[in-house]
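We call the chains A, B, C, D, E and F, going by the order they appear; numbering starts again at 1 in every chain.
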Amino acid sequence: MSVVITGTPRVPLETARAFTPYGVATVHEAQGRTGLLASCMRPIYPGAKLVGTAVTVSLPPADNWMLHVAVEQCREGDVLVVAPTSPCDVGYFGDLLATSLASRGVVGLIIEAGVRDVSTLSEMKFPVWSKAVSAQGTVKETLGSVNIAIVCAGQFIHPGDLIVADDDGVVVVPAAWAAKTAEAAKAREANEGEKREKLASGALGLDMYKMREPLAKAGLKYVD
Amino acid sequence: MSVVITGTPRVPLETARAFTPYGVATVHEAQGRTGLLASCMRPIYPGAKLVGTAVTVSLPPADNWMLHVAVEQCREGDVLVVAPTSPCDVGYFGDLLATSLASRGVVGLIIEAGVRDVSTLSEMKFPVWSKAVSAQGTVKETLGSVNIAIVCAGQFIHPGDLIVADDDGVVVVPAAWAAKTAEAAKAREANEGEKREKLASGALGLDMYKMREPLAKAGLKYVD
Amino acid sequence: MSVVITGTPRVPLETARAFTPYGVATVHEAQGRTGLLASCMRPIYPGAKLVGTAVTVSLPPADNWMLHVAVEQCREGDVLVVAPTSPCDVGYFGDLLATSLASRGVVGLIIEAGVRDVSTLSEMKFPVWSKAVSAQGTVKETLGSVNIAIVCAGQFIHPGDLIVADDDGVVVVPAAWAAKTAEAAKAREANEGEKREKLASGALGLDMYKMREPLAKAGLKYVD
Amino acid sequence: MSVVITGTPRVPLETARAFTPYGVATVHEAQGRTGLLASCMRPIYPGAKLVGTAVTVSLPPADNWMLHVAVEQCREGDVLVVAPTSPCDVGYFGDLLATSLASRGVVGLIIEAGVRDVSTLSEMKFPVWSKAVSAQGTVKETLGSVNIAIVCAGQFIHPGDLIVADDDGVVVVPAAWAAKTAEAAKAREANEGEKREKLASGALGLDMYKMREPLAKAGLKYVD
Amino acid sequence: MSVVITGTPRVPLETARAFTPYGVATVHEAQGRTGLLASCMRPIYPGAKLVGTAVTVSLPPADNWMLHVAVEQCREGDVLVVAPTSPCDVGYFGDLLATSLASRGVVGLIIEAGVRDVSTLSEMKFPVWSKAVSAQGTVKETLGSVNIAIVCAGQFIHPGDLIVADDDGVVVVPAAWAAKTAEAAKAREANEGEKREKLASGALGLDMYKMREPLAKAGLKYVD
Amino acid sequence: MSVVITGTPRVPLETARAFTPYGVATVHEAQGRTGLLASCMRPIYPGAKLVGTAVTVSLPPADNWMLHVAVEQCREGDVLVVAPTSPCDVGYFGDLLATSLASRGVVGLIIEAGVRDVSTLSEMKFPVWSKAVSAQGTVKETLGSVNIAIVCAGQFIHPGDLIVADDDGVVVVPAAWAAKTAEAAKAREANEGEKREKLASGALGLDMYKMREPLAKAGLKYVD
């Protein structure tokens, strides 16, 4: 049942690039509030941000053999997305693997487990979102799979899907929705800039969003 | 049962300002070790600090409608203090609401739930203490209340109470105790400066606090 | 049963210094993947790092009396290692105790509990690894022991053992293993530099570690 | 600041008894979804249930001295409600204290901390809702208060308030609302019996609650 | 994006029944250690067990409107499998919904959220696996979907898949694998009976599984 | 570094038997409040109880090979005490291993990890205290050690030490302290019986323990 799927199609690089200006919250809203990974997935340094196409890895608890296999399947613009088959917080990934991925143009790592060497990874500006930081290493004894569909931090992720991550967390954009979501994010963002200006100059959301009437209808009372 | 109390009295601005030099640990000690919110409440960036008067919000899980209502009740020097009626980690608050609050002179947010847009909030230097970071948004369907007494992160908070927050956490100073607590904090702090100098020059707490006798009485033995 | 053991031997300073170049992950690997404290132990600021010899403290929940006793037992190059006798997250330690320790040349604190004044501790560059941050203080009513063997965050620690800590966590090196572990770390690190260069220039771990054959033997299939 | 308030008025016994037929979920709904303690509060045996009037205790972490003080303030029909001033899981309470309380007609214990002797407590049918089970004992060194207002598991509780607890958790009914809440619970329950029969005989909630039209209006689509 | 898929095919009842003799651990092994839901999913009473075909529900946090919609889609032998779109522990489900489901022959509920009325549910012997118990109710304001593919407690579940649950947890058997997994479980179980007898009579696993040689080869030493 | 120590001496059976009447809380108190394992260690069924001598196992995460090795080292009256080298919740142990242990007279299992087949284990009355229940199995690839000193759930345990466990948790009695602790437990228990009777007949702990004077001295005030 261990398999490496080669030649997986990805969301095209131009489509991926269209997401660069948008944060995770915007993208998540833009695709109807779907695709957000669990909030236990935190960046290893503040300000980390990435947009990339998923190379997926399913591997056993405390065994990182398949990460070495996965490296070879990665190319420019990819992000490695890793989930163990049972919950595990040990450090699957460190600076050597990051060096290897960076040399291939991989933009970062999403792992529902632990990582180590986080000082070096931060200096390298190799962004990682993980569930834990742990110096505990892994063995290389048991196989897993690369580029099969996986569940990572509660979301279903196919190889080639688009991943957007920042300080707010991680969202997956299914390949088939990428173009449409990029457009929706663009529309939403334009909109936000305008709202931000109005609010900064003192306008109230109550008026801007015309909430006073529905609030009164729902029964809100003001009491002095 | 949904209500907005308007015209709530606050701790006067001069009293609030008297707390500016003191950290949360000092204020907590100064009022007899009461008023500390649960330690799950963490700042979104290191070095965040605030002193302000509470505008309180009670709202439903995953519904931020009342935050828009609350903004209008805020004024210079206020801090928004928010608790959902059942535990909820989604992102109730982002950069648009922060922009709106900042334009009214609000000094920050305390929320026993999640926030999003934390990169932008950090750049804006709009300090937030929250239980979680999550890009997951909320709906606007159900009412709550503004400026009623609430329990937030385990502490009872009345509108108009003083809030002090820093890297150590968040403490509430009930309005009626504010003047007395400020004085106690001042006394304590003076005291601390002196102690710090002595300790820095090598004095032992054992001698400075005259602990050797009570330790011996309690039965402490030294063995080589 | 409360006792202070004085005159405890430590790992010699030269041996300790030999660990300066190595991170926690390297040291942990070098001594056969033993000695790592639980991953709940996190530094209070990014980039914190220390190497030192353990002065151990066992103390009651929410009572820090013994920390004052412990200070006197500390000397240049020591690190204070503290574990309560039952789980407790309150703030046992703040800037006054840090000032006192720093004046004696103590290099940091490892505590399976809470600390406070973390802003000041960060400015002082006094590194602390703790399980929590909490402004809640402690009492001084009940005795504990200094320089007895303790369990801290899941590891057995003897007074005088070597402690290495960085962003990846905390590892204890038993005194008797220190020299051997330093050598193993050195060997491992040399090794890593070379590997890093190869990987940076595009070599694959699959080839470098000769994994292709064992992977095939274990049954790995490539499918297009 | 340590005080024992004596002669606290309670919700009358007849009012309390009116709650006997109702579960926590019903009572919580009947008072507008307020008053529910955090879901970490679990019964020590399945089927535990109580209705009683609160004697409140605020006490230090890992110190149960005030429980002995509180026993004397308890009478027939009371329930002891206990919250430490900072989070603590140790075993504050065991079979001796339970024996003492039972001899006074106290109906159970609600404690946001740990308990021990749970086998014996279960055999005694002395119901307890706690955050933890732990054999770790406490000291008797520091004072607290009895029958002051406290926050327990996130809810504000006044002495004399009514407490209802069962397998679903714990809810507080403020004294002033007790009569009204009892009536609302009665109305709601009658109602539920009728609904239960209809549903048991195969009626659909969709029809019974007339949901089909609002669902369609909200945009629900059925697809084969 | 809210939709109810009707007429979803299920694993045939005979195939489902073939799983009755097997526990979750056996089924999980039989399908290559895949499909296990996260271990936070616990039964509300000991000894709960079910085998059924999934009717899936995706719904908003703290809103159970879609459960009423889902009931109508259920039939004999189904199990309701529910996941909120963001983490939420409130009580989505109680005895009225259970009565309605039971009247249609539904065999139980799997929900990555909270339930209430657990005493009544236990008396009804209506088995539930949930992440929490909470008396906190929900609103009925926002739509979700029924019988779409969902992720529940970390596993991907399609409508019509087979669900097996017992005291060890919950496992999903994809519809396409059901027949093959049933056979593998049968083979495995037969095997286990035989092993159990040998072990009960004192045989050692070391001999029975021929482990002595590989252990020696791996370097195991016996020391007196 | 993998080793099996054979012929380990145990606390004699008569000494062990002397502990049968005492609960964990009593034993923990009797040896000066030391030796209690973390409260995450819970019995798989209510009423579980054991007294036995420890056979210790240190093993890798998600790998139970060494349990099979350990069985052979067990004899009448032993209890298996197991800790993984990094945190892991998978199901290391099920009914086959329990059958094998039971046939050798082993009285139960303490494991800082997960177990499975808990229904069968409960029917067999084979008591287990674990950190989790999980159907997820393990591999048999990597060695560990048997009968070396380990840290389990925060306590240091030597092979041959005495283990007492019940509904309140698990406590280790170091071999050298066993006789003394048994006597202290006996003294304490006698004492408790007498106290229980007095309290049952209405005596107050305040009087029985002569607390009124020290409470007044500490500053306790009674207010009507």
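Keep this in mind: a residue touches a chain if its C-beta (ideal position, glycine included) is under 8 Å from a C-beta of that chain, and two chains touch if they have at least 3 such contacts.
None of these values were measured; they are calculated from a predicted model.
*Asks:* Name, by label, each chain that touches both members of the pair chain C and chain F.
*Replies:* In this structure, the chains that contact chain F and also chain C are A, D.
*Asks:* Tell me whether chain D and chain E, two copies of the same sequence, contact each other through the same residue numbers or different ones, using over half shared as the line for same.
*Replies:* different
*Asks:* With centres defined as the mean C-alpha position, give me the chain C-chain D separation in Å.
*Replies:* 43
*Asks:* Between chain B and chain F, what's the gap in Å when you average each chain's C-alpha atoms?
*Replies:* Distance between chain centres, rounded to whole Å: 41 Å.
*Asks:* Using mean C-alpha positions as chain centres, tell me how far chain B is from chain C in Å, no decimals.
*Replies:* 31
*Asks:* For chain C, which residues are shared contacts with two or more other chains?
*Replies:* Residues 33, 36, 39, 85-87, 89, 134, 136, 142.
*Asks:* Please list each pair of chains that are touching.
*Replies:* Touch list across chains, by label: A-B, A-C, A-E, A-F, B-C, B-D, B-E, C-D, C-F, D-E, D-F, E-F.
*Asks:* Flag every residue of chain B that touches chain C in the complex, lowest number first.
*Replies:* My answer: residues 23-25, 28-29, 33, 36, 39, 42, 46-47, 49, 166-169, 171, 192, 195-196, 199-206, 209, 211, 215, 218-224.
*Asks:* Give every residue of chain C touching chain F within the complex, in rising order.
*Replies:* So the residues of chain C touching chain F come out as 1, 32-34, 36, 38-39, 85-87, 149, 151, 154-156.
*Asks:* Considering only the defined contacts, which chain D positions touch chain C in the complex?
*Replies:* Those residues of chain D that touch chain C are 60-63, 85-90, 134, 136, 139, 141-142.
*Asks:* Per the contact definition, I'd like the list of chain B residues that touch chain A in the complex.
*Replies:* Within the complex, chain B touches chain A at residues 2-7, 45, 65, 68-69, 71-72, 89, 91, 94-97, 99-100, 102-104, 114, 116-120, 122, 132-137, 140, 142-143.
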